[in-house]
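Listed after this line are the structures, all set down as structure tokens.
Same chain, two partners: chain A is paired with chain B first, then with chain C.
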Partner chain A sequence: MKYIASEIGFVTKMLSWAVILHVRRWQRYRADVALWISSIWLTILAQGIFIFSAYSASGGNFFGYSFDDVVVFFAITLLSTGLAQIVVHGFTLRLADAVWRGDFDFWVVQPVHLFLRVLLEDIGLVWFWPHVIIGGGLLVWILPLSHVWLALLVAVIAAIIEIGLIICVCVPAIQWGRWNPNEGLWEYLERSRSIPLGRTKNMLLIVLSAGVLQYSLALEVFTGRLHLALFFALAIVIVTIAWFCMRYFVRKYTSASS
Partner chain B sequence: MHPAIQVRDLQRDFRLYRKEEGLLAALRSVISRRWETVHAVKGINFSIQPGEFVGFLGPNGAGKTTTLKMLSGILSPTKGNCRVLGHEPFKRERAFCRAISLVMGQKTQLIWDLPPIDTFALHRDLYRVPHKEWKQKVDTLVELLNVRHILQTPVRQLSLGERMKCEIIVSLIHAPKVLFLDEPTIGLDVISQRHLWDFLRDYQRKEETTIILTSHNMQDIAHLCSRVLVVNLGKLVYDGTLDQLVELTQPKKEVSLQLHRPLSEEEKFMLDVMTRESGWTQPEKFCVRAQIPRENFSSVVREMLHKLPVDDLSVQEVDFSLVMKESFLMTPEEVPVRRMKSGFKKRLGEITRERD
Partner chain C sequence: MWTAMLRMFVQQQVVHREFWLVLLLNAVLPVVVPLLAWIALAQSVDALQIEGWNIATFTQYYIINFIVYSLSFTSIHSEMGNLVRTGQLNFWILRPLNFFGLSFSFSLARFAVMLVFCTFVGVLVQLTGIAEFSREQQLFALMVLPFSVILLMLLNMCIGMLAFWLIECDGAFAAILLFLQFFGGLILPLDLFPTWLQPISTILPLRYAFGLPSEAVVTLAYHDIPQILFGQIVWIGIFFFATSILWRRGLRHYDAVGA
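Up next is the complex of A and B:
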């Protein structure tokens, strides 16, 4: 019991360090942060207008979904994307950078789990917190309290699926320190975010919507068309695969630079 | 007493693919590649007792950093095994990670955008060091290394010497039992080097930490290490004291004599006898340079002062660059024998026998 309490205390301390270090780092690029955050808010606003216009143009029947469903989908997507991108940004960029520069040598011999260690680096909190605030805020605002918890839960599960997928896709690139966010498979998947709803019979759109599939599934769970347990099981499977990918990566790490 | 580090037949191979020239070869390599195995470390054996300060010496590509990475748990051995404080390093058990520390001259574990004090505090929690103990430790180390004035300066604005001092502090916060130093003085000026030597020597004596230091700089080894391991082409070729290594690689000392009159024929003959044909030259009329074997150096010098018209005598300092150059040739199997002087080979045999 004492051991568990000490471990929980340790993890909490590390998470608080992640936040403290993140905020401390803001001091360096204040102007950049201000500019980026403004552009994120504008993007979210543009996405909101797009959703509203698309819904109005469809005459109130958007692929069988009601207006509330569409807004919930939008909010879940924002919240999940925000949560996932916080990790994605830090994970892919910082991990690849650490491998490339050789700092990863220090990480593997520090007495802390790699996932926690990565969070201590420059996670994407600074860039994606507006997603979390707006997504979470929308859910709390438009849904009755009894539904808010389910919406938040599916959003978190969708984020976990996205994080898992990203780790699986990016590990080979990270292994050689070559990850570049502007190219590669994940970038291709990221483009599919421009299509707000993944549920369509069009084959091309289905392929393109691979990057937002987890959000479509989250909506299916929320509207009662998919069982929560199945969605959760999918998350566990993907996280397990990602965990094995990470394990393989760490075991095979050859410390390229001397 | 159990050794702090024990290494048995340690080997490490790297598999690399050959990149051939031209576009066609590049396209071909997408489908099939030509691989080759590089044997970076080829069966090294040694053990290190707790509290030893050991220098790991070798030319580029000799396998010293690879060995250090295997000992610290970064790399897994291809064959053989090593134990550090009773742990198998590559398992990276928490207890092992808390008992060792690593400093690499060309890499940093300080947070680049933040002042060093932030990294010190983060490491306190990473290694679960009690706050009071941490405060005391940091205060002491900061005073000893004289870095209090830079604790609030972002790391990216520090000079290389200041950064390296902070790297050393970070690595010592959790009071490691074994410290691995990989070229810690690389790029440092003479004053910073000397400051670091003094600090490391005093710290090691006081805390009795086991330290392994790899360096290209023989001065580092000479100032700090009681024992030297020389690796070349992945093999351990020397394990002993620095004095023995100097004796092995530079069996003679050079002395310069200032004379108050030219030497007579009889004195020249005496000089031949004293230096045992190891040689002397007379660059000027009133100056003689003589090579004297180390084993009877003091008696010969006494004799010279007694029998020759000596005004002044100076002994040449040990040329560590020569010691290093010679020691890097010490590969009894691979290095062509013609590159070894016959006397050197003979002494190598003698010293190996003495050690055995």
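Up next is the complex of A and C:
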């Protein structure tokens, strides 16, 4: 018990340090942050316009979703991608570079488990708070309190799935330092989560949108067409696969392996 | 020498295994996914037309956008950001080779690789009947689309120059491009924008790269050619001028160990 408490204390301390250092670092580069934040607000606006234009163009017959469902989908996607990117942003950004330079040796020998390193390396709080604020704010604003908790819960589970998927795609960089899907992956995630796909029968669309399907499933859970336990089980499966992938590649890693 | 550089950059593009995945993620999916979404929507509402668009015109529109987007997919802004951030720009400034020549070779190499890819896609699309373009439409496209590609490449270059003033620039670059491309009509035809937002698109450059040329090719709107070409040339001039200014000012700001 004492051991677990000390481990939790240690991890909490590391996490608080990660947040403090992250904020201190980006306080020095306000121009970057201001440019990013303004462009991310505009990007969110663009995504909102796309989904609502599609909804209007369908004359209200939008795969059987009501207007409120569409708003909830938009809010859930923003909230969960924000939460996921806050956790995994630095990892995707730096992993390939760390392997390429040989710095990954130091990631592996740190006392903190490598899975936690995903969070500690560089959190994405400064970059992705607009997603969380708008997504969370919309949910609280439009939904009655009794529904907000379910929406928040499915958003968190969708975020866990997204983290798992991103880790799965990025960890091959441990073996091949030139493998760096960072920007492409981010753009894919940003661009492909445009509309809910849970009720479409277009298989090609579903396959090509596989990386963003968790948001559509989250909406299906919220609208009662998919059981929460199944969605949670999917998250566990994805995270387990990510854990095994990471373990596999770390075991195969030899210093400066690229 | 330029041929050698071009050859080297082409080899660099294709030798990296991740290139094709990044290509898929960056160039193919952003255009294909919205197209499939519209097709699914049209099928689900069982309508022949959505706001004047049908499946055939949607398909043509997005395929044209895909070709323009892929051919201009140089990522020169990203490379520029790396060169400045790591300080490697020093070596290029000191070498007898002109830096703009280097950038041009890099862009041309990407263009050459993508041209092969797009030609393959174009032939495939035409042969399988996914979208059929008449001879007139093909000629029309040859008239207006080259300027679209040049315009996009210069925009990339111009955004890349911001690296002189920024540190963590990749994300900001991507977000700026995402926004401009959206309001240019890459993933949503300009007609389908809410009326109150259309003025924003009017004042932004990329409607002359995606929205207007693609719509004109789809509808064979000959009378729009002068306006489109004029807009493209004006924006090319603006970006060329802005790139030169930013380059000169950026170099003064550059302290040789990164921005």
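Quick note on the criterion: the second predicted complex is superposed on the first by the 230 of 258 C-alpha atoms of A that agree within 3 Å, B and C clash if a C-alpha of one lies under 4 Å from a C-alpha of the other, contacts with A are read in each partner's own complex, and residues count from 1 in each chain.
Criterion: contacts are C-beta pairs under 8 Å (C-beta built on N, C-alpha and C of every residue); 3 or more make two chains touch, one makes a residue touch a chain.
Keep in mind that what you see is a predicted model, and the values were worked out from it rather than measured.
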| item | value |
| --- | --- |
| Partner chain(s) touched by A:V108 [first = chain B, second = chain C, both, neither] | first |
| Contacts of A:A57 with chain B and chain C, given as first, second, both or neither | second |
| Which of chain B and chain C A:W127 touches, first, second, both or neither | second |
| First (chain B), second (chain C), both or neither touched by A:F232 | neither |
| Which superposed partner A:W36 touches (first chain B, second chain C, both, neither) | second |
| If touched residues of chain A are counted for chain B and for chain C, the larger one | C |
| Contacts on chain A seen with chain B and repeated with chain C across the two complexes | none |
| Chain A - residues contacting chain B, complex | 10, 13-14, 17, 21, 24-25, 27-28, 101-103, 105-106, 108-112, 120, 251, 253-255, 257-258 |
| Chain A contact footprint on chain C (complex, rising order) | 16-18, 21-22, 25-26, 29-30, 32-34, 36-41, 43-45, 47, 50-51, 78, 162, 165-172, 174-176, 178-179, 182-183, 187-188, 192-194, 197 |
| Interfacial residue positions of chain B with respect to chain A in the complex | 14, 65-66, 69, 72-76, 92, 94, 97-98, 100, 102, 104, 106-109, 111, 113-114, 118, 122, 125-128, 154 |
| Touching residues on chain A, where the partner in the complex is chain C | 29, 31-32, 35-36, 39-40, 42-43, 46, 49-50, 52-54, 56-59, 61-63, 127, 176, 178-188, 190-192, 194-195, 197, 199-202, 204-205, 208-209 |
